[in-house]
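Below you'll find a set of structures to go through.
Next come two complexes built around chain A: one with chain B, the other with chain C.
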Partner chain A sequence: MTIDMKAMKLKGVERYKQERDWFQMGLNACRFMPGEEFKLQAQLLEILLDSKQVVVDCVENDQPFIGGYFCNAPELFHAMNLPWFMLMETPFLAATAPYLLADIEGSEEMGLGTDLCTAIRLPIYYIEKGLMPIPTCVLGLLYPCDGAPMLHQVIEHNKAWKDVPIYCADPPYTSDERAIEYFAEELKRMTEFLEQHTGRTLDLERLKTVCEESNRTYTIWQDYNELRRHVPSPHGWEIGGAQAFAISQCFVAGDPKCTAWFEQLYRVGQMRIERGAGASEAEGWREKIRLFWFDIMPYGWIFEFMPWLESTFGAVIVMDMFGNFPYTLIDTTSEETIFHDLAKRNLIDSPMIRQARGTAENFSNDIRRIVEDYKIDVVIWPGHMGHKDGAATIGIMRDTCREIGVPFLHIGLDLFDKRYTSIDEVKEKVTDFFKGMGLA
Partner chain B sequence: MAVFDGHIKAVRDFMRSVPVTDDLYQEIDCSGTPEEIRSSLPINLGRGASSGIHLRSNTYTELGNPIAGSCSHLLWTNNTSLVRDGRITLIGPDIPASEGESLPFGQILMLAGETLGANDHERLQQAPIIGDRIEGYMLKSTSDYLWARVSKDVAARGFNFEILGKSLISLIKSRTPGISAIEILFVTSSKEDVKELASIASEVKGLGSNLLKEAWKERGFDVECDFDCASCHDEPVCDDIREVIVGVKKAAREKRKAEDGKAVEHPIPFKLNA
Partner chain C sequence: METGIRSAAFQTFIEATSGIMNSELQAWKDGGGKVMGFFCTTVPEELFTAAGLAGFRMRGTGSTSTELSDACFSAINCSYPRHTMNQALEGHYDFLDGLVCINSCDHVRRVYDNWIRKLGTPFVKVMSLPRKVGQPQIDWYFDEINKLRKDIEAHFSVEITDESLRQAIRLHNEIRALQKQVYQFRLPDAPLMTGEETLAVMVAGTAIPKPRYKVLLEEFLKDMQSHKETHKGHRARVMIIGGELDDTEFIRVIEEQGALVVTDSTCYGSRLMWRPVDESYDDPVKAMANYYIYDRPSCPRMYGDQPRRIAYTRELAKEFRVDGVIGERLMFCDQWLVEHYMTNDDLKEDGIPFLAIDREYLLSGKGQLRTRVQAFLETIEGLRSEQS
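Our next item is the complex of A and B:
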């Protein structure tokens, strides 16, 4: 039986259009709201909407675009004028996706194991149900976890996707110079693959310009993070880390619009510090516990948990895994230096990749550094059910925290599915822990 | 423990051979207890000494912007004769002569203590993380290099590499048990010099990782993960469980199919829990 690929492609972008329209409503609302913070949110939504619209346009006009990941050196896509979307995008937008739980249930009904990371299960479900845009080609992910390649196996077998070419850069296990040089060659091969399958070419001067803009973006991010060292931190879970990660790596990397967003973020943070404001400006509120949330934010139930942390305990997420800044700036002297530094950034620096792909010392070293720099009172390892790689280092993380004298809490939950460990149970564990440690 | 002794010697060779004029080469010696050193300084040291934010607009000199060149390594030994306690060497321009500039920055800390061993490696890595303990000196929160700002306020009080070196010596000696000697090399002469210094120490990270791995093994952590399904004695149990799951799912699908009167869309064509 032949399938109507054009119809499949148009179907694949329907959900995407709904999401676009949903965010457009949010943008319209933000534009009417006063204050610099809403201006920041509006800028974010404009970037997000642009990135969605361009994918829709590509589908409707039969133009090339790609499905990939944040750690596939997105500066290359931008330099090649190749729109892209992240294959695991929806779980990261989960807090605003009203259909999330229904989709998770749908994935279970398909027979996907509930022990498979929800962030991987969902895109499998979307591909199988025809709810994801079908790109010109796919850049796969062989790291940081073994679950991700399962998504690519689905792509290879799905009727609508099976002819979409896939390239996966091969990640070495080590993090030394040899590993970086090897991965730089992999990124070059990835570029050749993209040129072959999309017809777009990479212009080195254009790449240099994009990387220089990317450097400007990252430099401001670094400066912004220094603001979060301030006591009280100018922002908590609501503004900062997760958005900074998304803006720098998930939409259009190395674009002046992204730099402008970071400039506004910095301005907003600085203004809050100048007027002595912390993460919350509720009357009588003050920052009491500075937290390091060492994972992705709990996007599936973030609104039901994070405000509670702040209001009940004055506990503020000062730093999280995706807000941390271990990034290499790109040396744009030559093609070699650009690919070398892109390789380092995408193999070693990117969040989650940095920790879960590499050796366990990245977990312990990051804890040591972040606790000291950001005056952290408690390290929380949420223990996401999909992060089995990280689960292997819980003992090392706990030992490290004991040595440096900071309490360590391991919860055990699903960051996207609030049924795995109920929110009440998570709250109870956190409450008991804070009380037991004399913090509340 | 001679793991880094060769690197200490190589750093010393670098110090002898680096092509700079005499006015760009300074050696300073400091002595005394950590407390005596601290009290001799025109700045505050200790937790909270550098509280607040050092904005770009308030920066006198930036050090180690990765574009300008940056490297940082900590080398340690139990051979105390290899480390000249209290010696601070600066190769390149000093901070007072660099207002508004972004200098390349290499920092090598050489620590010695007779009792130091492999198990101390992890805690020694904490030594250069000084947080907010040096007034007017902010280390950005980066992982592989040093990127710092010196504020205009402390620059006006004469902050230079002698003060920075003495501050580090005082802080590290007071916070890190087992250290009897500290020597510091700062390099600001050029990006190339910093790169050469980085290449000398390029093996340090890998050697350190091996030390950590051994230390964790001794503490009972299994860091090798040298087993898989084929070598696991529980494999037959897992296989049985998988078969049961497949059966249960198949039965559920059949039941649903019968109830709905329609086929399940696109059954997954491979074993998901493999």
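Our next item is the complex of A and C:
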């Protein structure tokens, strides 16, 4: 059977366009909302929409672009002027889109079961059903979980994608200097692969510029994270954590637009502190419980849960898994130092890769550090059904919290599919827990 | 196990398979021998043999609950590490002098983290196994093996020389060749052994000190020369593919329905021994690194190797003339779930029926398993009659 690749490529971008339009709707709504935070959201959506449009243009004009993963040192392909989209974009960015639950059902019907991480199942479904843009080449990453290499192997196995070259960087399990050097070599091989398959070359001076810009971004991000130590925290779940990660790692890494967004984020946070306002400023409740949400946000049902958490208990997500890590600034002295530090940042500093790849120390160390730095009252491990290594670390996290005297809650849910554990059930668990701990 | 095989060695294999401690391992311990537990087939067991240690593949055999390990794991974790950890917390692994873990999967790799916090085994290490099969990964694993070699030397006050490693590789290769002979008994239309019996031989090889196991295996092969009872009248010749399958009863339930398991690609099956370590290398550690990363048939955790894995399945399916393939996986295993999804697709092209079965480590839902296998056998028979 021959495959009409041109038709497949055009079909693959249809859903992507639908998603773009979904975000355009969100942007239009944001523009009408009052407050500096909504302006920030609008700026973020504009950047996101730009990056989506570039991918659409690439497909339609036969220009090179990448299907990528997170923590693959995006500064490298930004420096090569290569547009990219994340293979797991839909569950992370468009999880509230109206088609998501039907897609999850579709993936189950296809034979992918119900216990494979939804964030892996969905991209496999999109690839197999021809609902994802077919890129010039794919960059994968073989951690943080068992699902990642399986997703990449499905890409290689799929008949429509079989001619798409793929390179997967292999993060080692250890975190010492030898591991950083090995991963730096993996990133160098990735760069050679990109040069070979896209016709673009990596210019060292351009890479230095991108990395210096990226350093500026991360420096401001760290400054902003200092603001969140304030009581009350200037922001909660709506801004500053996941968005900061998305913009710096997924949309415009090492781009002045990215830095400008962080500058504005910092200014807005600072202004709130100066006027003594917390995350609740416009909504009439006050911060009572400072939470560390130790995972990704529940994107599939975030709007049905997070505002409830705040308004019912005054519980503010002061920090989450994607919010604050000691990112390495890139030493731009030479190609060697750049690759070394990019390897360190993406292997050891970046969220999820930091905790889920490697032994469990970072689960307990991050809990200790964040609880102390951010005056955390409660640690919540949501227990996403896909995070199986984390599920096997539950006892270690609980023991850590016990040692430092902070209540710990494990829920057990699907961050993208609200049918796995119903929102009512999650709310009930949280309510019982807060009451049991004397926090409500 | 009901068996027609009259062999004292085979009885020893059955004993070793049905529990954790066995009489041969106990004799080794009583004689002052030390035992190194390890997880996963990618740990270079030859290193332990060269150090004078007996390697023991970790199992949860005999476990009846996860009451103790539930404090470490969650309900979405695989029942294999949960039961194995539970056995350890109950003291069944107190005989270990050391343990080597590896990042084989998201569930098993966390045994290391929990073990070092909960148990007092004097030597516990974790190896970093790459996820690809290229030369940089072979080089990485070469360093990992050498690192472990030094750690063992320091802790156990032994010297692991290149010569002792070469001897260990030779011994393990000889065992692999003998095990391959056992598999040959299953080639005829009326095989001498069932799948259940074969699994017992293989599991025992991971629980009995290697020099002794080799002797027993030779005795067993000799005994089999006079064994005339063959297995006839089965409805289909079946291959099993999957991961951690050490439970002979699981195979028995399948075979009781009329299937005969004639070959496999599992962690206790052919993948352990189908290919030998290349003994022509000057450096035995290089030989092991090359073997464990590239030469031996891989499992789905090794990215980019799916084409070789399906080729291996096809090769065995052809050689053993299988009528259908059963893919088993332990619940919550992402790797085998997606692998089976792809295998199903590939075997469809070959016209080989495929059945995916999810299971728990402790055999449960036998009724459902029987029904599914029966339906699968009917499918195979239906296809056969269509073709004829």
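Basically, the second predicted complex is superposed on the first by the 428 of 440 C-alpha atoms of A that agree within 3 Å, B and C clash if a C-alpha of one lies under 4 Å from a C-alpha of the other, contacts with A are read in each partner's own complex, and residues count from 1 in each chain.
We adopt the following convention: a residue touches a chain if its C-beta (ideal position, glycine included) is under 8 Å from a C-beta of that chain, and two chains touch if they have at least 3 such contacts.
The structure displayed is predicted, hence computed values, not measured ones.
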item	value
Chain C versus chain B on the shared chain A, clash or fit after superposition	clash
Which superposed partner A:71 touches (first chain B, second chain C, both, neither)	neither
Chain B versus chain C as contact partner of A:391, first or second or both or neither	second
Which superposed partner A:399 touches (first chain B, second chain C, both, neither)	both
First (chain B), second (chain C), both or neither touched by A:273	first
Partner chain(s) touched by A:157 [first = chain B, second = chain C, both, neither]	both
Partner chain(s) touched by A:194 [first = chain B, second = chain C, both, neither]	neither
Touched partner set for A:113, first chain B, second chain C, both or neither	both
Touched partner set for A:368, first chain B, second chain C, both or neither	first
Touching partner for A:86 - first (chain B), second (chain C), both, neither	neither
Contact residues common to both interfaces of chain A (with chain B and with chain C)	110-113, 115-116, 124, 150, 153-154, 157, 174, 359-360, 392, 395-396, 399
Chain C residues touching chain A - in the complex, by the definition given at the top	71-78, 81, 103, 105-107, 109-114, 117, 126-132, 136-137, 140, 143, 300-304, 306, 331-335, 337-339, 341-342, 344-345, 356, 358
Residue ranges of chain B touching chain A (in the complex, touch as defined)	51-56, 65-67, 122-123, 125-126, 129, 131-132, 138-144, 147, 202, 205-206, 209, 212-213, 216, 219, 221, 223, 225, 245, 249, 253, 264-270, 272-273
Residues on chain A engaged by chain C in the complex (per definition of touch)	110-113, 115-117, 120, 124, 140, 142-143, 145-147, 149-154, 156-157, 168, 170, 172-174, 178-179, 182, 185-186, 189, 356, 359-360, 383, 385, 388-389, 391-396, 399, 410, 412
List of chain A residues in touch with chain B within their complex	110-113, 115-116, 124, 128-129, 150, 153-154, 157-159, 174-177, 215, 222-223, 225-227, 229-231, 270, 273, 324-326, 328-329, 331, 349, 359-361, 364-366, 368-370, 372-375, 392, 395-396, 399, 403-404
